[in-house]
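Read through the structures below before going on.
Heads up, the next two complexes both have chain A, just with different partners, chain B and then chain C.
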Partner chain A sequence: MKLTTTLLATSALTLAGSAAFSEAHMADTMTIVSWGGAYSASQQGAYHDPYVANTGITVVNDESSGEAVAKLRAMNEAGNITWDLVDVEAADGIRLCDEGLAIEIDHDTMLAAAPDGTSASDDFGSSIVSDCFIPQIVFSTTVGYRTDMVGDTPPTDICAIFDLETYPGKRALAKKPLANVEWALLCDGVAKDDIYDVLATPEGQDQAFAKLDTIKAETIWWSAGAETPQLLADGEVVMGSTFNGRLFSAIAEQNQPIGMLWDAQMLDFDGWIVPAGLPEERLARVMDYLMFATDTQRLADQAKYISYGPARASSAPLVGNHGELGIPMAEHMPTDPANSTNVFVTNYEFWADYRDDLDAKFQSWLAQ
Partner chain B sequence: MASVVYNGTVPTPSLTGFTMPVTAAMGAFFGLIAGQSTGLGALLGIVVGAIAGAAIAFVLVTMVSYKVGRWSAIGVIGIIGLLTGGTIGLVVGLIAGALLGWCAYWLHLGGYRKSLPPYATSGQVLWHNTFKFICGLIFFFLIAPIITIIPLSFNAQDFFTFTPEMLALDPAGYSLKHYQDFFTNDDWLRPMKNSLIIAPFATIISVSLGTLAAIGLSQSHVPFRRGIMAILISPMIVPLIISATGMFFFYSQMGLWMEDNFGISKSLSGYIKVILAHAALGIPFVIITVTATLVGFDNSLTRAAANMGATPTVTFFRVQMPLILPGVISGALFAFITSFDEVVVVLFVGAAAQKTLPWQMFTGLREQISPTILAVATILVIFSIILLATVEVLRRRSERLRGMSPT
Partner chain C sequence: MTDATGPMVAADGRPLKASLNRALRRQKMRALLLISPLLFFIMITFIIPIGQMLFRSVENQIVGDVLPTTVVALDAWSVKSGEAPGEEVFFALTQDLVLAAERKEHTRLGSRLNYEDPGISSLFRKSGRNVEVMGEGYAKQFDALDERWAETNTFSEILADPEWLADAAQVETAADMDRFEVNEDAATYLPRTVAAYTSFANYMIADKGKDPAKSKPWNTLHLALFEDLRAAPEITIASAYGDMLRTAAAAVPTFETETLSASFAKIDKDWLDPDVWSTIKRYSPSYTNGYFLNAIDMEKTVDGPAWRPEDQQIYLTLFWRTLLMSMTITISCILLGYPVAWLLANLPARTANLLMILVLLPFWTSLLVRTSAWKILLQQQGVINDIVVWLGLVADDNRLALINNATGTIIAMTHILLPFMILPLYSVMKTIPPTYLRAAKSLGATNWTAFWRVYFPQSVPGIGAGSILVFILSIGYYITPEIVGGTKGVFISNRIAYHISSSLNWGLAAALGTILLAVVMLLYWAYDRIVGIDNVKLGG
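Coming up: the complex of A and B.
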């Protein structure tokens, strides 16, 4: 295993050899579950296509990450796991690991080390939020606005969402408490470091909902990340929250009159989990794929297609230009120093404990 | 009705008391739309529109002949539209001119009473035309959402938005790129292929089983007919999400069993699972349409066939089947469309390798609102129209050949 690791880290070419050598023990098709759209396309370009070119296997894409937890539970009960590798958000990765639906990973032996020899677990650092989670990207939830609807004073800080006087018009916010309650408290004068302490108390939660009440009548609630760019392009909302990659795509690739804020962006991780209960041949194939697809160069390559930051520290210097537009991508990463002056790192422990509770409160608040 | 249509001359209605005010009201309506969309204000639009409508009615009725009048109304309003609203204004103006000119002559020459008997009262005439108007509105609300997607599918941008270029009918605002994407992108071609594999097989199974069930259930000696019928059509009544959840667990086990015992691949067992699930959904439609056709079937024909020595199988294929064929075909059509449109069950039962077109459209809508979905929708609408038209033409032809009058 150690030998293979070294070989793989040196060049992708050797992979073809080692894969051919062990071909007999590996499945020749893989079902990879991801989010669809531009995100799946970036994984196709950076990971699947080169891997398929090296090994000749078939990769089937399933765009079901949105219901990954529910479907994995059902598959587990039915004893019929049809997925080989699943792309999930960090919080879902933690849940699946706790429920025993994902296998635990030894990051140092199962994943490639950085080119300078740094072990994988050090290279990924804090993005390994769970023993089952193999991080890929850092993304953020942030706010975009119509440049032609905000007058001469485009918003510069997050509290513009709650400022109906300066920026009248509809806003689009996620139909879930995550990010919304944090921003509400921040704009209600709670210090950034105290936010999760305050949110843990019923009074703090009420305070957050009271702040959200001030804009409830002017808010359109979205459930899919594609909705906010559509609403902005239509001019139906003056501003709205979504993932930074969606905004980059609308601004740089679609040339829409949209600007974006990096202030108080909510950083989050996205990565792979391997479902528990895979037959041996399929598991061997997934592990072989993961060794290749999560190395330093592959993670850096993904940033050619989409503006999400690679989760490995060693990948950051390798981030190049956009595949079609040729513009440098580093400055569009949520992790770029210029963009990350005021960053929120989602507190997973808090959300693991309070998520169900806050979700229920949020839904009943919405219905009021 | 046809025998009492009034073909004589209708007394010319009063110009100032009837034709001009009604045309003015219609003009006011167009003015309201124009005023709102050009930003001149609703009130100004209503006033200008009303005056224009009245003027058109007056000029057309008193000064020019029918043909000259219709064309000049179209021309004049079209030019006014062009001057105030550009290309799109021209189009709206041409339509408004055509409608206003038609309205003026229709009122003046008594077209509104043409299809009514002469003794109809004013109230009856008013109701007759209001009724026609309401029917038109219902038709409009049914068809307008489907029509809207067609121009949007030619959008040059990647959003579901009528861009300013599109509204100005600028060629730069339109493009075929979403159609190109559909026909070149594997993410769309594979689901298309899957749909075209799954739907026909599901249809064949539904039609065979559904027709046999309907014939059996129409025999008076079959016990528990109502109970069996209720069970067979239950997939149509039980909420789909519940059937789908049950099917997920049932077919998961069945798939594993097939793979273990027959050694078939996971991909093939996946197709079999989805086809069987869709067949179960399609059977109720076949049973209902065939049962309805069998009501009109004369059972003395089967007795006559038996009397001449035909076996029941021969009787079925040579006597009964040709007569109930229209019901079977429309049932098959419903079964096909059920499978072709179905998204809930395939999401549960299918794996990614069996992804169908509706599934891809569903994930496409959720994850990336791309107009490729609209291009696909447009193609499917055209495909459905062609399919239905073909079946209808074939049905009429067969009825004509067999000497039955088309109903």
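Coming up: the complex of A and C.
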């Protein structure tokens, strides 16, 4: 209901805006869709507020990123796109691009170059996982544990999640195959470089599920990233996987007795996509915003508010201190050299192919 | 109404029956007119959208739309041959894929077919990126023969109907051009080139708003021309390009050829896998039962429907579990709600109103808040476990598992749906006069007989209404099971939600939804037969 009202209001404003400012050729309102909570707040502080201060436009925030793919498809079929810019995970960015729901971006001409002149596509590097995707942050899925429940030998190795002898107790893992099956194979002795080749075979998938079987009875499966920090704080689980920013906030901001692993963390990207089919004025506004909000300084600014790493290489040296706690943020970034000695970069192509199949097997395995 | 004296007549001399019918008809029409705005509203906002959504469970036009000629060419091929189809299929695929890649439809098709056979998504994505080079070798060899082959207007001059060309020259913008029309000679001698050019020209006009005669021809045109000239070298086309064509036809046998299947295999060796082709062929008709088969743990194979491997079966389990747990929830709601409703109906108004607020208060609280509250109560380090451990009923290292399983879902959903049972029960019980019970007792009935023989039968319509409400609501619930259900307590609706919002497999979601709807209707029908729907009351 609230959403509908916001959407209606937005479209009304956009209409009124475009009529009044037609000379400017840019809409004076834009609806930006993101995840809500601390993450949206970091974008508000680093991107929206300075942009609004420069231009005087209105930014309407919508917190629908969780259902962005389905909603964009519905909007597209209805021929009424009410969103201007959408924050999605890389995998969803690929999906939206495949479905023709997002426009392709020429990163070098549409985005700002780095201060030293490096082109945007080189600066973003491998984080450009799809022609439609404009990366913002690097985040990782990693494991946190209760410091008071692991005895004198806190885990240092991702395989601790499968080690019920040393670390008895419940674990929290995501209710989806991503990350779980990779870790299962890694801890079952498969070499890191071979994991996706092995996972593409039925035998490899069976091997991963067999490894997960060993901890199935001791696992609580989460569907929202906020569940693990809560389960850890309540002492329901001894360790669990979640996004590194969630763990940072539980450890540094809420002082919970939680520690985190930086081992075999699954690196992933989050970024913008521009919906296909926007009218010219709104598109012009979005592109103007993107040129500003994805430049080197802005991406570095976001790290003041949240412990996710900027997707541009040139932003890393500019990362400063936490906005409220005043602690240096660089060492909490998943991209920090000390944290990324052993990382796992999600293979998007593999997951685009095998996501549906593996998910069906995973859900069936869970139900057994 | 007829007897020996003839039909009965009304005052105006018409037969009474006809007159009565007429009056009734007019009344019915008036009633229909009165509800027509509502009917219209419901049609537009409810029935048509639901119908459209359900229709997706069989809709499958995308394969035939994106690969029209490939689908036709595949007709002659069978997976039983054990090998990939021949060159003519790859030729058709090249033509279809080039257009699809320009329109960015190939990735959508890839996603669609990937639901059936993992790997097709990246196969189409990769191939769409590389398909434009197919036929490049021929384009270069034609160029070397005569420079005019590289010019943008050569193909349209050879192939187009002169009238169409004249019309096309008149229009102001290219977007206003008519659909491409071909001349007779070209249609006779160069059928493949004509087909390829028609899709090229129409794409340029309709999608790009460009004049095809001023656009760089795709390599696939040269590929089609090569195939035409090789198949029928005797070309008698009278236009200025006749000689040029004949020269080309004579040179074609000396051309360096390109094997399309090999070129596709170079992009991805999966193109030589008969299973990939078999999937395309099986899903080429415009309508499919594939989604429905998937929804009941079966799959479409070459030999007809077959069960999925056991490690992929899930939906039948979930349907069964959803029905079973919904019934359990309904029964626990009856058991818990009946005494409360009785109390509400029989207490003095002041106390009853206070109790009513207690019933309604959770009803007004957010669903998520109530579900999360249950989480705090039920978890292993939660309030209830703490109390039973403190009381010494269970050992500290053996705490009860009350959440993240079916128990959690049943407890939380019973609580959430309880008002839907209490309210109809209450409003029915309110209308049962207390004098009946007293009369029964004064005639010698025991308390139990009086309740069971006199009071209970009169409250059955309330139980019926409450049960239908609770059962139907719980069958479609997914937020609560998702949060407290763990793995053994999730419903079929959780999978429907997943396919709508995450996997985007709306066809499968629609098939699951259709089955769920059919099951509910069937149960409703059974209820009507056994209990009778007239015997349901939501109030006095």
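Criterion: the second predicted complex is superposed on the first by the 345 of 368 C-alpha atoms of A that agree within 3 Å, B and C clash if a C-alpha of one lies under 4 Å from a C-alpha of the other, contacts with A are read in each partner's own complex, and residues count from 1 in each chain.
Keep this in mind: a contact is a pair of C-beta atoms (placed from the backbone, for glycine too) under 8 Å apart; a residue touches a chain by one contact, two chains touch by 3 or more.
As the structure is a computational prediction, the values presented were derived from the model and not from experiment.
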Let me test your reading of the model: by the given contact rule, A:Ala352 touches which partner, first (chain B), second (chain C), both or neither?
second
Contacts of A:Asp234 with chain B and chain C, given as first, second, both or neither:
both
Of the partners chain B and chain C, which touch A:Asp152 in the superposed model: first, second, both, neither?
neither
Which of the two partners, first being chain B and second being chain C, lies in contact with A:Thr31: first, second, both, or neither?
first
A:Thr82 contacts which: chain B (first), chain C (second), both, neither?
first
Does chain B (first) or chain C (second) touch A:Glu203, or do both, or does neither?
neither
So, does A:Asp116 touch the first partner chain B, the second partner chain C, both, or neither?
neither
Quick one: is A:Asn61 in contact with chain B, with chain C, with both, or with neither? Answer first, second, both or neither.
first
Residues on chain A in contact with chain B in one complex and with chain C in the other?
66, 234
Residue numbers of chain B touching chain A in their complex, please.
157-161, 187, 248-249, 252-253, 255-256, 266, 351-353, 355, 363-370
Flag every residue of chain A that touches chain C in the complex, lowest number first.
66-67, 69-70, 73, 95, 97-100, 170, 175, 200, 206, 209, 220-221, 223, 234-236, 349, 352-361, 363-367
Residues of chain C that touch chain A when the two form their complex
104-105, 107-108, 110-111, 114-115, 118-122, 125, 311-314, 317-318, 379-382, 404, 482-483, 486-488, 495, 498, 500-506
Quick one: in the complex, what on chain A touches chain B?
31, 33, 35-39, 60-64, 66, 74-75, 77-80, 82, 224-227, 229-230, 233-234, 254, 256
